[in-house]
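We call the chains A, B and C, going by the order they appear; numbering starts again at 1 in every chain.
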């Protein structure tokens, strides 16, 4: 008998007999009923509380603000995708600027050290947000791969205000995540941090030191 | 690498040493005070009781369907391209993991935080096979550099203060001595980034394994977990088999309970949900993902209706943060991978009661652990159950049951039982004790090292009331 | 924690279960508890054959011995009157653990019935007697230590402080980490004396630091522990069972 069979046999032939599964009542994690204003206010409050920076922008001229952010932060090398409208618009707007645009849609093996050591920021789309916890949710794609939001010291996330929902449960259920998960799904709340040295908060321990959310309004 | 060793057999000695160390006392006290306050604040506007009920029901449902869910998890993981392996015990799991490493010719492993790999001493096993395993969670990294084991399941280096960490970073990594936390963090970032790039295999734990979708959920703040599971070409996730949950939606409340209970955060920086290796068109992520399901005593716990509740645990550490004993003796005193209240009800199953018999009694049964447990594990009741097992009066379902059996103690309790079931003798005995109160020794073993000896009253309540009745009759 | 309890109207008669620690070490506390109840016009019956609730053996893992002792108490309360216990620890044992202890035995129904009638003294004074107190004592700063069993097992964090709040001359001061255990824990204090000693040291220091001239508690285990520690290091702060304190100041 394999280990698998032995373990499953022990679990199935439980000494105290079969167990009854209780029902779960999920009402406490849903049904907040917030207005769009309340939702936005909560999102901003909570993401700010974990060191996330929110910049309100309009969909029409968000790339102008992106350029300003890059200038303020002194970013010279920006990694980004190509196909997603966020990446395409950013590329178009920054094409003639001084910021070097680094292609993120490449096999990581071909540019790992460049990504780890030279890229100063990554800009990427976010599918949505969670008001209750001030979180972004991302499903990385070949165009905007997993490490784009992790390796560069600054993560610039582009999020549409109307894509913010109340709770994580609402997102998972509303978007029917269970019907088909991507290889990697991420919930991100703030920049990378640690309190492992005597409870003192320090940012950017492994991932980004800064998270800037360009929150796009219609 | 020689690791500082603690053993549960030496709980008393280790606890005494920790109690006598003002630095350890101060480090834990201030850390636990902070964590308790943060937890309290984080649940401020929540219906905590209802949320805990939900958390408990999710875990109980998963356990009720455990064998089915494990098969479903396996099938869905495999369909997603994640290879699933089953390990009977820690040694078996170590062997499986080593073989996976060797199949890739791996020399260097980078690790995300995983208590189950601590439980099976994976690092030592890999190193014996010539494979270097480096911890990447900052706390784990510091503890490993300091040749220690974690003293807390969430905050591994909580026993060290900034000065001690400054020494470790300077002595072991050669950086200029600094007690600037940002500078030390930046130095560790640089050191570990090299190791992420060079690693052949990344090994992580799992917080929730979702049967419905074949998804592995990792909860973290640092990003080292994402690095570990994304950068190296192979990712091996290791988990105790009880960590499975039925549905993806079950993760939402458990995640909230976990982060708020553990560190008082409304969310951690990352909730990383992995449902497969890199697909053909993708540009990063591991080529192989493996899931090792570890039993190591868990299916034994599963047999018993009462002990089963131990397996609800989501490893938040709130029970230790709120434990007055843990706060004073620190994590290492327990000499087990899992310290504190949860460790005292879990370790006997993993290691046997012969080695761990002093842990279930290392609690005043104050109930703080059970009160804060996000999945409502009745920890005090389980401590009492293990005390029964230890003295041989339980159902004998625990390895090493009866390890604390003592003829003398049993005789003493039998004597007490006789007295307390013979009211006349009880009244006589207690009355005599009062008469002889002058003879009460002023030193009563360890009690009087800290307190004055209690003296029986001159007259018992029984006698006082009898006297009162007589006086009333006379009047 | 036990669910919210529905309290009965004030009865004519109650049983009083004194507990072994009160009987042997603090009989005045028991007597004062009885006096407080009698002053409310309640006749207090003290079953002569009571000994101990069985908790020391129960928490030490000796369940058979605990059950035998508990069983000897079950027949002491034949009438449907409330059972008043001047201790959260013994009260918790009887209310919470008796039903489990006698599960699947012929005594199960009786144990449940008895458990349902158990009230901790301060709980009964607050919720059933709606006790009013006419304070005659001097102005004083007092700290209260609510036992862990009263606080968590019986859900009675507030009843002791509520009673003290009805004493006009008393200023209730709260010590740091008021909800933390004093380190008694029955046999814990003997099995792990160093840890217990560290806990009671912290507790007694916190009570002093709060500026209390006096401390009260509703459990004699905690009283013996904390007062013993204070006395051991010759502190001026003295401890007392809350029943004695209430009686002393209002009689």
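FYI, contacts are C-beta pairs under 8 Å (C-beta built on N, C-alpha and C of every residue); 3 or more make two chains touch, one makes a residue touch a chain.
Owing to the predicted nature of the structure, the values given are computational and were not obtained by experimental measurement.
Of all chains displayed, B has the C-alpha centre closest to the centre of the whole protein C-alpha set. No other two chains have as many C-beta pairs in contact as A-B. Inter-chain centre distance (subunit A to subunit B, centres taken as mean C-alpha positions): 30 Å. Centre to centre, using the average C-alpha position, subunit A and subunit C are separated by 53 Å. Subunit B and subunit C have CA centres that are 32 Å apart. Interface of subunit A with subunit B (complex): residues 2-4, 6-8, 10-12, 14-16, 19-29, 46, 49-50, 104-108, 112-113, 116, 130, 132-135, 142, 145-147, 150, 167-169, 172-173, 177-178, 181-200, 202, 204-208.
On the subunit B side of its complex with subunit A, the touching residues are 27, 30-31, 34, 46-47, 50-51, 53-54, 57-58, 60-61, 63-67, 70-71, 80, 86-88, 92, 136-139, 142, 155-158, 160-162, 165, 181-182, 184-186, 188-189, 192-193, 196-197, 212-215, 221-224, 226-227, 230-231, 241, 247-253, 255-256, 263, 265-279, 281-285, 293, 295, 299-300, 302-305, 308, 397.
Considering their complex, residues 1, 18, 20, 22-28, 30-31, 34, 46, 48-52, 54, 56-65, 68-69, 71-72, 148-149, 151-153, 177, 179-181, 183-201, 224-225, 228-229, 231-232 of subunit C touch subunit B. Those residues of subunit B that touch subunit C in the shared complex are 12, 15-16, 19, 33, 324-325, 328-329, 361-368, 370-371, 384, 387-391, 393-394, 404, 410, 413-414, 416-417, 419-421, 423, 426, 430, 433-434, 445-457, 459-465, 468.
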